[in-house]
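Single-structure report; data block below.
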């Protein structure tokens, strides 16, 4: 999962997991599973919105940007039109600035005016919901979309804000201390996949 | 006061040499110096050096005018705690000591204090460098040291006239604060590597050296003794060494901070390290030590310069120059000069006591510790270490640049004319 | 982690790169329709200026506002010193109001360093006497980097003018050199530092000789008010020997950048037509100033560095 979504000053929390050792627990998605998930989400997006003309896919740094591009390519493949794809850096909108170092991850670039369009925010893992909250704020300053939807590859639960995804690749029940790691060839230089990792010392791990 | 007071078990060190001896004092005068004496009361000097009281040629007592920083009483107490039995009070008071009434008032307050306070007189009225102060009237009150300290006598003609005039006053010495004001204008620290790094306008060494060169020539011309206050530069010390070899009537003093600290201290921007003349380069510090060791410099003088705390809470360039010195001078001398072997213990005492007494014509001070002499004595433990704590200084001010520094050599007792004004390090009044 | 920004000396190369990267991010923010982010909501930044500098103060206040911080201005005329309040009393009073950062401009070198020893809030040096002006150096570095790429390796920079009395020269020369540029100070010896120890620069009195090799010409403002100090005979003579005239500019490489910290004396250190000419990046410097000051404030207040 994306590191920023896990940030809390809580020793139980994966945000502080750099201190502890994490071990591999299970492979959740194969490269093929991931491809199918992309295809399915792309179709659901187009179906829900009755086409792709007024869509903008906006990926959240870092892996959400790559996923948004992939979804754009899939949609272009079956709809025969270019979907606008942008990227959003939410660092300066986070609510944990001052609690830990928050550095920008990339440049916000949305190639079209979002005003009047439907924006689909894209991220890899939905966890506490705080990144999406920051993304909604960041988006507001770019304009007034007609609607905002959310697409994620994995929803792992443990929400701390009233936020839900419109398009989900897989609902994956997890323990709070666990970590969901999405691998994308163009970002990580490895084979595509989704893995579940957990602390080497599981003592004190809360149940989901 | 008891009939007799015995300083027992110490090692007596004075200009005549050193020996293990007790010192018996009656009515403020030394009556016997030999082992195995008895007295009505006793001060323990075991393990200590018993020496003529220290003499400071350069003390700012701030009264009248800046009693918020120091008074004659508090400054004299600080002097006593530092082992000094006589201080020369610099005349840059407000009003300045350019007038017999002001000098008389300082002397009167000094007489009530715990130290022999000798007033220096101004060379020029108001230290403005334009008209001679009434040097003869001041001389009649006992003034022997004339100086505009804090200000340099800028004009060569004025300096010449002052020296000529002082030539008619027996024992008078004209003491120069050698810093050319035009070269120092706007400057706050030594000009060099650190001023350039820190962007603090500098006071170049040549400002001191050029005035020393000129005044050596004027001493030669007039034959009147010139004393150079707080010399701090390699160049000035070399000129004074040459002048002495040529037999010119010049003397010089150096301040403890000029053999202890360098201009690198200013990198903290802490105005505790601001002083005029400024802290110099490491090469200058080395030259000061050589000058002290080879006799070029006659005296260690504190340039004790108290300032009220808030004035040192300004930025460096806005804070007044000066630092405390009376209570740390002996410790710094022993730590920085005697321990490393730059000078011997008896040479250190010469620099702190009998040579400055001679410069200022203080015949009662500077020893020797011998029957018939006034009992102005310091008793100090040359091996005891202590840590400078600004809060524990007797001075009213707190502007020491040495907080937390551990020094070797601590005053145990100070006797002014037989009166123990400091016992076991504590001021008695 | 950075607690204060007092001197360029306090920054490692990696700190400089990080601040400039962040500056780029904020430059993107400042170019949006709504050039504001909520990053420092709830933080208070006070500007404490003991010296008039509308440009620098506005730049800092704009930076703070674009980060959604609250701002306060504490303007001090020379007379408050006369009123007897020490700098320490003033800053402790301000801190008691609850501030997170104090931006200090002072005519005396090291004043911000002293302030930093007295209070817990982060202190930013906005120019101290002749000592340093680190945010000017950062905006200069950002400007140069945006034209030259991340490293300034081998870039040949001449800083012309009164480097001895210039906080800008001291900070900018150190920042440029730390990023890999070769810096030469140019001027008559009365305007060059008394000692070059600690200055990562070469010096020369001959501007003309350097012209064809320079990648950057950085002109310092000539202080008219210091004319009585007779550091050089006249403005006319200064311009003749060290001004960037049209004739001198013709001998520069076509892509040489012209920089100036402002405010300019047109016709003295720089010919009027060159100030707006193709090589001039002077207005970019101003825009970049807001972005790097956002970066500095964000880095000091937004990183979660423990405040002691």
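For clarity, chains are labelled A, B and C in written order, and residue numbers in each chain start from 1.
In this text, contacts are C-beta pairs under 8 Å (C-beta built on N, C-alpha and C of every residue); 3 or more make two chains touch, one makes a residue touch a chain.
Every value quoted in this text rests on a predicted model; they were computed, and no experiment measured them.
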{"item": "Touching subunit A and also subunit C, the following chains", "value": "none"}
{"item": "Pair of chains ranked first by number of touching C-beta pairs", "value": "B-C"}
{"item": "Identity of the most central chain, Cα criterion", "value": "C"}
{"item": "Chain centre separation (subunit A, subunit C; CA means) in Å", "value": "40"}
{"item": "For subunit B paired with subunit C, centre-to-centre distance based on mean C-alpha positions, whole Å", "value": "45"}
{"item": "Centre distance in Å when subunit A and subunit B are each reduced to the mean of their C-alpha atoms", "value": "75"}
{"item": "Residue numbers on subunit A that touch subunit C, as the complex places them", "value": "89, 91-94, 97-104, 107-108, 137-138, 141-142"}
{"item": "Contact footprint of subunit A on subunit C as seen in their complex", "value": "1, 18, 21-22, 25, 28-29, 32-34, 36-40, 43, 67, 298, 301-305"}
{"item": "Parts of subunit B lying in touch with subunit C, wherever the complex brings them together", "value": "191-193, 195-202, 204, 268-270, 310-311, 313-318"}
{"item": "Contact footprint of subunit B on subunit C as seen in their complex", "value": "81, 84, 86-89, 106-111, 113-114, 128-132, 164, 167, 170, 193-199"}
